[in-house]
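Next up: some structures, all given as structure tokens.
Each of the two complexes below includes chain A, the first together with chain B, the second together with chain C.
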Partner chain A sequence: MEELILKLKQEIIEALNLEDVKPEDIDENASLFGDGLGLDSIDALELIVLMEKNYGIKLSDPNQGKEIFKSVAVMADYISKNRTK
Partner chain B sequence: MEQIWITGAGIISSIGIGKEETCRSLLEERSGIGQLKYLKTEHHEFPVGEVKLTDDEMCQRLNIDKSVPMTRTALMGMLALQEAIADAGLKKDDLKNVGIVSGTTVGGMDKSELYYLDFLENDTRNEYIRTHDCGACTEMIADHFGRFAFATTISTACSSAANAIVLGADMIRNGDAECVIVGGSECITKFHLNGFNSLMILDKEHCRPFDATRAGLNLGEGAAFIVLESESHARRRNCKAKAVLAGYANACDAFHQTASSPDGEGAFRSMTAALQMAGIDHTKIDYINAHGTGTPNNDASESSAIRRIWGDVVPRMSSTKSFTGHTTSASGSIETVICLLAIQNGFIPANLNFSTEDAQCIRPVEKTIRNVKLNNVLCNSFGFGGNDTSIVISSPESDFKFAFAGNDVQLPYIYSASQISVQSALTDEWFDSPVAIDEPYRRSVDPDFKTYIPPLEARRMGKILKRAIVTSMSALENSGCEKVDAIVTGTGLGCIENTEFFLDALSRDGEQLLKPTYFMQSTHNTISSLVGIKMKCNGYNITYAHKELSFDSALYDAWLQLRLGMIDSALVGGHDEMTPSYFKLLEKAGYLGQQSELAGETAVSFVIGSKPKDKHLCRFGGIRMMYCPDKEEISRQLHELLDSANIPMDDVSGVLTSMNGNAGHDAYISKLCGNLFSDIPLLRYKHLFGESYTASGLGLYVAATCLSKGRIPDSLYVDANACKSLKPKALLMLNTTDEKCCSLMLVTI
Partner chain C sequence: MKHFVVLNDKSVMVDGVPMQLENQGMAMLNDVYRSKIGDYPKFFKMDALCKVGFVASELLLKAETDGEISQRKAHGTSSRAVLLFNRSGSLNADTKYQATIQEADNFFPSPAIFVYTLPNIVTGEIAIRNLYYGETNFIVLDCMDLHTIAEQIANAFQDSETESMLTGWVDCYDENHFEARMLIINRNEDILNELNKIKQ
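And now, the complex of A and B:
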């Protein structure tokens, strides 16, 4: 799981173009949106693309993202249970 | 006060070709939305509202040879314009005194997405490179019918056509024009079908605006134009008003690039201001044609804004997007024509597919209501970036009154200017020590953006957006103003780097897993919206995308708003970026890279205003925009410009031309100037700053810098032996590149 978390952090940084952010700067238990990393609804859409591209997980309703993208740890847990690639 | 009359209209959409068929479909509740048939795409799961004609069938109706490079947006625009011109009884010869303002965002993208790889890899489709941009689309539409007095293009995403109506009306209101044809055109493309899909706002079912179960929009396509004229002009032609344009306004939500604010601040402002201009109480509105896209966000936000004005007693309301689909940039004029038909034929169109009330939304009209008298109708059009426009259309018998107070603006002030270019970033080092450019294209010298924009904020910004933010904030800081009342931007191509990323992925990897960020940033008005959000400016926010007159159009509009007394200050910008592959395409199309032409990038921002402040760079004497003028027309406009600014020709110390190194082009300008100004030295700036669609913005910056420093550097003189002016009093700018678009600008101390 730790490996997945690190990989996921790197992928998030790349997909969202978070210049100057390093994987160790992201607390995997902190909120990705709002007060945490400060992401917004467009980032959520980018994360949906990331999930499908890298893990074969297709989300058809953007509202599903609200739960899944709570934190990197929650995301990693969801991926490990649902990934198709 | 004279009225602005609507004396003609033309429309084409999925529910009909022409007003008659459109009206019948509306009355009979016949939706045009159905399974995809004409666009070639993988996404057959999305219902769309397509115009039921192929491109070839449209060419046939217009007598256009199939071999002429045409785009679907241009063809639909021509069919709508043809009907509007005939409806108003205008003859071909009348058009030389008529302007055209068209709105589009897609432009020629239908062909660009089809031939993108050909553009890059071979020479088989080069003729379609020139049909790509929005301005080219307007010119193709216009040129089919004759020579118009002027032409420009507005690109503010889904409110584009509504803003074209606003500009045309303002020009008439200020006496700058007597008759302007306004509207917009947009075809469905794979590009924006996939773009909206990446934003997850397309419904796989028929759209259900304002319904509790609504799940997004259906794309549509079409075009509509209306003929606006001053009452006296129409009376002289013995032409009656079909309806009257009673009020209109644009405002910016300044909230988010794609989402509307929960309380609909921008929409509240645009509706309030439009009602105020019409001089009617909100209770006098008999019908609201809502923007009503069917997305959860828009319909709730629009309902909130409407409730802020009407409370619980809301006029009858519907979204006709349930018939046509969302015709994006054309929706403003398409829905204005629908409102006109509703007034003329006494009915209220239904909001189709409504079944379940949503507490967050206003309950719309579910069935066509016939035999009603509509005196005043409100039509909403909102676009990305919170670009909100409302229009009040009244029956000729309505008792509305135009209410506005114009002020007598003398020459406005250019308080400040800030630029990032191939010469320098934010400084005027070029003035005394210009950098010689010896390669065919060069990208700008960028500042360290991180010192201006926090990385998190910059994560979705391409260079063009960063430059726009930095130059805008710097111009504002140096202007002595705390804020501006309006933001008006010119950009020939917008964020082409992001557009290219999206197009590239679409062409190479197919229609899946496309990045929403690239799509969102590809709309031309992204620049103006982001600056609006950054400056928290809820005022007028308009973007022009008309080739070499993109910046000039923006400056003209800001000047118009100042003269109308609508604003005291404006931020005016000109922004274009260059990518290596786009440079290659321009070269293939014969635009650049010929002889000694140099391609550059533009990022320039000005704060201009009507009130004197402690300091200013120079004063703005005015601008004249022309379309395909002969030299007599240019001469006439030149003298009118000087007279209206009360500046004698003898005070003009130089003419800053758009000479760009292309021998043929420069010889044309040289000859033209020889006729117009025999002994005024000619100047140039593009050899230092390069050519781009908005390079004239850098020209204005160069002219303003010369006046503020009180001298003209030797590097600008075309003829090194010219008689040099020691203390320039006034400078003229002549901007003409392809002998079609032409403008004259005047600045003075």
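And now, the complex of A and C:
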């Protein structure tokens, strides 16, 4: 799981152009939106694309994102249980 | 004093004075952002055209207000318009977005790129940043024809609300080929004469 969390942090930084942010700067238990990384709605859409492109996970219900994108740790857990690639 | 900014992928000049820069292209713009602006993380999410327009506008407005942000914000309201021109439209972002949907078996449209597939996103970014509620418009032309640009600016001043206009040429072919020529024109100024200051 540690390996997946690190990989996910790197993918998020790259996909969302989080310049000047390093993987170690991201607390895997901190909120991705709001006070955490301060991501916005476009970032949420980009995360949905990332999940499908890199892990073969298609979120059919956008409301699922609210739960799955709570933190990097929650995302990693969901990916490990649902990934198809 | 009338302030103006002229920048391209190799140099940046404010009021005709070149800035000392180590890099070129987007790396140069990122350096300028970090050293002269630095309080708008959304900058790094912008496409290249927006970065060019944003950096040029920031340098121009800092010159206009002697670097005082609070003073700059006071220039907000509906009396200032943002009217920009270029030749390439949003071609750079369009091309990047097309690449995300080009192959049927690798079809992952990027929302973050898609939002920049219109050139007038630049004028919106500048208006949002500076609380300008006046007209914003981005016009694509065949070339930097100052007479046509002056005519469009004059037309925009027909609006009785507009007292000043952040305007100029902001073009970006790709991350290594871009330029901006930007200034502020006030109502009743000789528009063509003012535009000639950013021509050289």
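Here is the rule we go by: the second predicted complex is superposed on the first by the 85 of 85 C-alpha atoms of A that agree within 3 Å, B and C clash if a C-alpha of one lies under 4 Å from a C-alpha of the other, contacts with A are read in each partner's own complex, and residues count from 1 in each chain.
Criterion: a contact is a pair of C-beta atoms (placed from the backbone, for glycine too) under 8 Å apart; a residue touches a chain by one contact, two chains touch by 3 or more.
Every value quoted in this text rests on a predicted model; they were computed, and no experiment measured them.
By the touch criterion defined above, A:T84 reaches neither chain B nor chain C. Note on chain A: of its two partners chain C and chain B, the one contacting more of its residues is B.
Judged by the touch definition given at the top, the superposed model places A:V49 against both chain B and chain C. In the overlay built on the shared chain, the residue A:P62 is in contact with chain B alone; chain C does not reach it.
In the superposition on chain A, chain A positions 16-20, 38, 42, 45-46, 49, 52-53 are in contact with chain B in one complex as well as with chain C in the other.
Per the touch definition, chain A reaches chain C in the complex via residues 15-20, 38, 42-43, 45-46, 49, 52-53. Of all the residues in chain A, the ones that touch chain B in their complex are 16-21, 38, 40-42, 45-46, 48-49, 52-53, 61-62. Against chain A, the residues of chain B that register as touching in their complex are 198-200, 256-259, 450, 455-456, 458-460, 513-517, 520. Residues 30, 41, 44-45, 108-112, 115 of chain C are the ones touching chain A in the complex.
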